[in-house]
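Below are two complexes that have chain A in common, paired first with chain B and then with chain C.
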Partner chain A sequence: MIDNYGLMLYSIIIPIIASPIAYLFGKRIGRVGNGILSTVAFAISTLMLFSYLNRVLDGEIISESYGVWIGLFKLDMSFLMDHLSLTISLLIAGISTLAAIYSISYMEHEHDQEIYFTCLLLFVGGMIGVVLASNLILFYLFWEMMLIPSYFLIAHWGKGRPKITGFKYFMFTHAGAACLLFGILWSYSLAGTFDFLKLSTALQSAPFDALRWIMILMFIGFAVKLAIFPVHTWLPDAHAEAPTPISVLLSGVMIKCGAYAMARITLTFFPSSVATVSYALLVLAIITMLWGGLMAFAQTDIKRLLAYSSVSQAGYILFGLMSLYSLGIAGGLFHIINHGIAKSLLFMSAGAIIYSTGIRDMRKLGGLASKMPITAVAVLCGALSIAGTPPFGGFASEWMIFAGAFEAGFMILGALAIIATIITIGYYLKMIKNVFFGEVPKNLKEVKEAPSYMLVPMSILTFFTVIFGIFAYVPLNIIYPAADIIGKFFLGG
Partner chain B sequence: MLPFDEYAPWLVWLIPLVGSVLIPIVAKIGDKVRNWFAVVVSFISAAYAISMIPQVMSHHGEAFDWTISWIPQIGLKAGVLVDPLSVFMANVAAGIGALIVLYSIGYMAHDGGLTRYYFFILFFIGGMIGLVMADNFLQLFIFWEIVGMCSYALIGFWYRKKSASNAGMKAFIVTKVGDILLLIGIIALFAQTGSFNFLASKEFIEAGKIAILGLMSISMLIFGGAIGKSAQVPLQVWLPDAMEGPTTVSALIHAATMVKAGVYLTARTFTLFSTINEWLIFVSYIGAITALLTATIAIVSTDIKRVLAYSTLSQLGLMIAALGIGTSLGWFASQFHVMSHAVFKALLFLCAGSVMHAAGTTDITKMGGLRKYMPITFITSLVGILCLSGVPPFNGFWSKDLIILAALEHHMYAILILIILASIFTVAYSFRWLGLVFFGKYRGRESKHLHESPLVMTIPLIILAAIACVSGFLEEPFMHYFGFEHLAGLELIPLLLSIVILIIGFVPAYLIYFRKSVSPEGFRSGSMGTLHKILSEGYYFDRVYYAIFVNSFPKFYNQIYDWIDLKIIDKFNYAVADVAKQISQNFRPSHTGVLSANISGILAGFVGFLILILIMLG
Partner chain C sequence: MFTETIDILFIFAVLAPIVYWIGTKVNFNKLVDLWATLGFILSLYLLYFIYEIIKIKEIMVITIAKGLLPISWTFEIDALGVFMASIFVFIGLLTSIYSIRYMERDTGLAEYYILLLLMVAGMVGVVFAGDFFTFFIFWEIMCITSYVLVAFRKEEWEPVEAGFKYLIMSSTGSVMVLFAMSILYGMTGTLNFAYLASSLSNGATNLWSVLALALVVIGFGIKASIVPMHSWLPDAHPAAPSSISAMLSGVVIKAGAYALMRSLLIIFIPEAYNWQVIVAVLAVLTMSVGNLMALLQKDLKRLLAFSSIAQMGYIIFGLSIATFFGLTGGIFHVMNHAIMKSLLFLCSGAFLYAVESRNLDELAGIGRKMKLTGVMFTIGALALAGVPPLNGFQSEYMILFAGIDIGSMNTIWYIFSAIMLLNILFSVGYYLRLIQILMLKEPTKISLKAKEAPLAMLLPMGILAILCIVIGVYPGPFVSYSSSAAKAVLDVGQYVAAIIR
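Presenting the complex of A and B:
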């Protein structure tokens, strides 16, 4: 149904418009002013997206369309709102709002604050655009739009060797994006359209081999974003060395754009070709889980551990999606949400620890449970959620992922995926023990709890890790129909 | 009666859960308020638990399933199952939980971090009752993990102590191994039946819709969860270390309730899997072997709580073995022993706590003669020990007698022999413990500080001891409660066996630790020395696990991180970048920067372009 309120467009445009404001007036309104500006911009986007909730729940598919002339070429700017885009865009906008609040404290000790917020606003605008775009070219434009500001954010404000890390991040993702672009153009030559709503039928008559190659090319682009083994090595560098609020957005939200794109494009437009490689991809997902988990064990840097944990969890998401059963896909999509919340929480907590102590090496930390009790509770909830421990959200999504695999008949792979959770709980308990338990080292006697700009977003996320576990049916109201629509492509064929 | 008691099956676990969440808020009012709030909440929960008994009696052993919608998208329902088994376990958890929260007021009075303590204790009580009331596997698993999490947090209650936080982590990870097997089993069963519900699964299995091989592996996997939670061989290693937690926690979680969750799960799934012979054999041998191995380790342990921990392991083994016998008498004997053990082991742990409170140490070789200083603790401990070793007419005697009878009736002689041997060692270590702690001379440094514990601590002791004395006679009502008609009565052979066990076990312990006519030193040298070493190392289970998972595993992952992730996968990316750089370096000499060279380059290009156009124009 065509809709002319334009709220989808505004939800993308508002952060983008706020971005030059932050740059031009940034020096005058200061760090807090900039932070509030970003927070408000993201909050407005969140509310606008939220206003679609009832209509989407009623099963409406809402689209918006604008024609934009770029030179001689008419770009069809069209946006789409359904269960799937609502789920992911709400996650993106919501977490970005919290990350903006968090940035206010984080940027206290940093330089070039106004440029930081400028990039942040653009970055988030790009991510929301990726999820709402209903046109492959537009999708690709936003896909690159979220890459470029995030490159600057890593390269300019990162720790360690930010220039090399940022460059590596850019090159990896861009190589993936090149594959994606190739796939997009190839599919255009076959289908004659970029439009999501027409693509599915237009591609049906295309030759099978070509479709399969297009699917693989696009999948590579998405897999790099999602950091699937063996193209995962950019992730630990980028996520660990980025400034913490950006790590939150990268790990919590941005890599999920890869998973979203798999659900939206790979599974929806190429069901018959995905079905031929799904087993291989499930095995790849298992390898990613185990590999990320084992590597997380070997880390001493707290943020690097979390980054490798994201690699491992990306494996779970891929595993759920590739089960090709509604239950597993729903689990995978739900895990995008739960992992997004819990990993954002963990990165924020890690940032709070680094902010308060100045140390990121876990071997030098200890006994912080008494010094930073709120952070300790937050980390415990986040870690247990990711490790799939009830009653937290992570369990609700993980069992659906496993059950999806079992329903699809992959008993051994499903069992392996369950076994991989013990690795997750292992490295998280090790981390918790090293950071929060034991004696407090002498140089940390004076440590205090993090400032409230950090604690407020952390508390909100902690609340959601618990709520989404116990009242899983609330988010599943939106997620399950999204998965069901995708799952139907496979049961039929 | 109680208000809203028709909702008792829900309220009984929701009240402690909600209460636990309120603890941090109540703590703002005052410490005393918080402590007594916890006591009140746990007693209300216990009252609701008791109010369910008449309800369930009126159903005559029939199960009553009460479901509500939970995740409607996938047709999942949450619910409570009210049947004799669940109500019985709920009463054990709620009743003993309430007494232990009361006891905590005295025992934990001098500790910090009590908000955390009461939060997790109440959360645990709620979780444990929720576990036994759940009507489906998924809900059971959720509570299963909740109690595991509380156990982790409470073992590591004194988190500054390295050994405590390590023990908590060990407990969590070792039981997680079992939990994972359980989850695989549950999900495999769900994939077959499309439902998590116990009763629906039962119908499905009875209809023979699952291939026998699949059913067999599912049954073994689900029993794997019981092995982890109830600490059976080979996952028994976490329980002795769990004694690092406060004694109240050991009594409640690691003796009376949580470790019984495995027994409960086995009893609950018994109706599903009891037709699978291999499952029964597996269950009974795991139980019987655990019973014997851990009873022998308890003989050499010198820590007041670790002796009791090994004893718990051994008694859990007995319960599991009794279930594996596969008859309804065995099933009943096991549940009867669950009740006896919950009472007397909680009692013994609380006595141990009382002793430690006074003596300030956990080493039983540094105690002795305490019966003069702590008369109430001594009498109640004596009752506990008489129960544990199975002296008539205390409750342990009746339930153990039933287990022996069940094994005899079903002609499982190998199991019977293991059980009898385990019981002999049980008698021996029980009286050794009693002798070393309460008899002889005091071996500690000074006896001035020895005193009896305050009333809040001794009252729960007395109540538990009283229950322990009388509950053995409740066999018949208990049987009636479970809906069994046939009453075994006191048969001659098991009775004789019990008495023989008592004599063989008691005499050496009496000679060594009471009369002191035989020195225990002789057993620590020579050929007995080797045996002593093996026993005090706990059959080297821990050593092997440590060698693999604590010492070698880090080397393994560090190696593959260094050699594969960094030096192969990541290096490859840099190698690609280097090659690109090299290639572009090769072009560099052509960019000389000399003006004449550039101009000639431009001209050459222009000429080439013209030629191209000419060719194309043809």
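Presenting the complex of A and C:
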């Protein structure tokens, strides 16, 4: 149904409006003030999005229209809310709220705090916009809008060689976006519309060859964001070197925008072309899983390990989506949530460890379980969840992904995917052992637990990793219908 | 006489020395600055009435000195003419406000404002002209004033040399256009656009008309800085005072693009002459060379000049597609590029004003000392890089779409569009480098001395920066303004019918 006004626009705009306030009055209200401003802005967005829960659960597809935007292209300024957008946008807004709280402590020792929060607000506004956009141009607009602030966040506050890392990140994702734009414009010349609700029918009569090219072009754009195997190389650098709250957002939610776009655009609008290449993409997903996992094994830097683990997990998400069966797609979408929560938790914990000890190298850490008990529990929950151990959230979603693959008849690939989880648990156990057990090095005798601005968001996320494992049916109530709608485009629906 | 918009500019130009003299008598030196600003405001105000007429009547024809001379003066104003003129006068107005403070260290302000007013009058005349004779007179007014303005700081060597190079190259172009005009006159016995259109579109193409077409493309191409006729621009635009650079890069080269649009689409229609692919090759070459050269520059203004060449490539590419969408995109990009490039030149002028340097190594970190200018510069640079939601993106994707849209007819357009996309992608590299150097680096000794620019300079920059965002976020009305201009230039029949009844 069509709303002529509503909260979707505000949930995007409130962070964006808050950003100039943070810039202009940043010096006056200080770091804590800025952090609270961002937290409140994101929390308001989260609540606004949450208010759609009941309507979405009733199966409503809500379109919020503000009239004509560009008349020449028959483009409307409108936003769309259904099961899929609600799930991902809630994840984005929720994790951003926690990351903003976390930033308050993290930014204590950093420079240019007001510009940091300005960029953070714009970045999150862009991400929520991507998920709520209801036509391809608006989608692309927000897609690029989240890129610029995130580039500055990496290039200006990053560690190591931030300028080069940031530039690599920018060029990779921007090149992906260029492919995406080419695909979007090509599809308009075939379909005559950019609108998500009309595109599916409008593309049905288009020539198959052109459709396949468009699908591939767009897929490249999304794959760069999701960091699928040959185009993943920006991720380990960017996620490891970015300031920790930004790593949380990049690994936890931004790469999920790529997965969202695959579900929303690739699978929904190009079902026939996807079906012809799905096997190749499954293989790509397996390579991504194994490659990311093996590389994670070889890391000694704690954040780099987590970054490679994100690459590996992106493979799982792609694997689930490309099984083209409702169960697998639902598993992939659910894994977006679980991985988002668990990886944010892990990055926050890693940040807390670095904050307390000043060391990133796992070989120089040890025995921290007694010094930082809350962080230790958080890491354990997060790691086990990602490794797919019951009763954590990751178990439910990975189980669904594998089941989907077997249901679709991909026995060998499914088996390989399960082997990949062994690698996952291997490197996580290695990390936990190195960091939390064994002898405490002499220089770490005085280490204290992280400040409460860091512990509060971590505790909340820990809670969710457990809850989403035990009561997996609660989030699945929203996710499964979303997957079912997509699955119906394919034979397995 | 020549429509009120032009008349008022002429009157203000002629009276400027007297006002300047009065100003010195009453000890108020800024009087002539305000006088020129007032002239632009009045001119813009009068242009609005023409816009209102065009909205209803579509085309307005004014004929002067009919029967007195063998060739009469005709003005034929359509939506494209008003569109262009509004950009010219608007940017002229902002430049004039900016100059109030920017030019205060220079002498000879009376001449400066005369030339500025005359240059804008010339450009408005060019886009209003309905025949080649009128067109050429105003074209030369525009050219000659711009030569002098480039070499305005005549006590230094660089502007004089650049002005001289510009003079030689640009007059060669003018001569070629003149030659093409004489060929066309010889073939048809008229210089009126409408008569030329009707007589040339019926007859088959012959050697002379193709020669005229080639001369027109080269002649106007020099002004529009199409590669390989671009080499004057990277010298001339940086050498001029920044306010004039903003005019030259922002609007004067657009007069060349306008002339190409008008002559290629009305006189040498694409159905008969099939120039699309050749012009597209030139356009693609222009954008690639411009972007590549911009990457190598150490001088801020020179970098911006090369980026202008690249952006002209996009505009010409939109023109070469010659469909409704292509022209809408191209014309829309004329507006957007005028806004963003003027913004950047004005910002670089503000840096120049503050620290007297345009070397990027010396300017590093200056954005931290001049926060507002820095932010506006960032907005302009991101807009030029085609980053949404700023205005450059809106027109660039429109041009791209037009290219892809006709790709189904001829596959080569897919390749051209892909090259343009690569260019946009590539150009982001140097804009980001620019932002990083100016905004994020630690300030150097020189840039530490910088103070924020005065209000009269911040105001025009602020207006342009806000326009960048507004057009990017809510492009609807601006797109329809450009698409009405595109519709007008594509509707040859109506243009001809307004003269030949």
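The rule we apply is simple: the second predicted complex is superposed on the first by the 481 of 493 C-alpha atoms of A that agree within 3 Å, B and C clash if a C-alpha of one lies under 4 Å from a C-alpha of the other, contacts with A are read in each partner's own complex, and residues count from 1 in each chain.
Operating definition for what follows: contacts are C-beta pairs under 8 Å (C-beta built on N, C-alpha and C of every residue); 3 or more make two chains touch, one makes a residue touch a chain.
Since we're looking at a predicted model, the values are computed, not measured.
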{"item": "Three-chain arrangement built on chain A, chain B and chain C clash or fit", "value": "clash"}
{"item": "Residue contacts on chain A - larger count, chain B or chain C", "value": "B"}
{"item": "First, second, both or neither for A:426, with chain B first and chain C second", "value": "first"}
{"item": "Partner chain in contact with A:50 - chain B first, chain C second, else both or neither", "value": "neither"}
{"item": "Contacts of A:418 with chain B and chain C, given as first, second, both or neither", "value": "first"}
{"item": "Chain B versus chain C as contact partner of A:298, first or second or both or neither", "value": "first"}
{"item": "Touching partner for A:10 - first (chain B), second (chain C), both, neither", "value": "neither"}
{"item": "Partner chain(s) touched by A:355 [first = chain B, second = chain C, both, neither]", "value": "neither"}
{"item": "Touched partner set for A:25, first chain B, second chain C, both or neither", "value": "neither"}
{"item": "Chain B versus chain C as contact partner of A:171, first or second or both or neither", "value": "both"}
{"item": "Clash-bearing segment of chain B relative to chain C, given 24-32, 258-266 or 600-608", "value": "600-608"}
{"item": "Footprint overlap on chain A, where chain B in one structure and chain C in the other make contact", "value": "171"}
{"item": "Chain A residues within the chain B interface of the complex", "value": "168, 171-172, 230, 233, 291, 294-295, 297-298, 327, 330, 367, 369-370, 384, 389-391, 395, 399-400, 402-403, 406-407, 411, 414-415, 418-419, 421-422, 425-426, 429-430, 433, 436-439, 472-473, 476-477, 480-481"}
{"item": "Complex interface listing, chain C residues touching chain A", "value": "325, 328, 382, 387-389, 393-394, 397-398, 400-401, 404-405, 407-408, 417-418, 421-422, 424-425, 428-429, 432, 436, 440, 474-476, 479-480, 483"}
{"item": "Touch list for chain A against partner chain C, complex", "value": "68-72, 137, 140-142, 144-145, 147-148, 151-152, 155-156, 163, 167, 170-171, 174-175, 178, 181-182, 185-186, 188-189"}
{"item": "Chain B residues touching chain A - in the complex, by the definition given at the top", "value": "70-74, 138, 141-146, 149, 156, 159-160, 162, 165-166, 169, 172-173, 176-177, 180, 183-184, 187-188, 190-191, 553-554, 557-558, 560-562, 565, 569-570, 573, 577"}
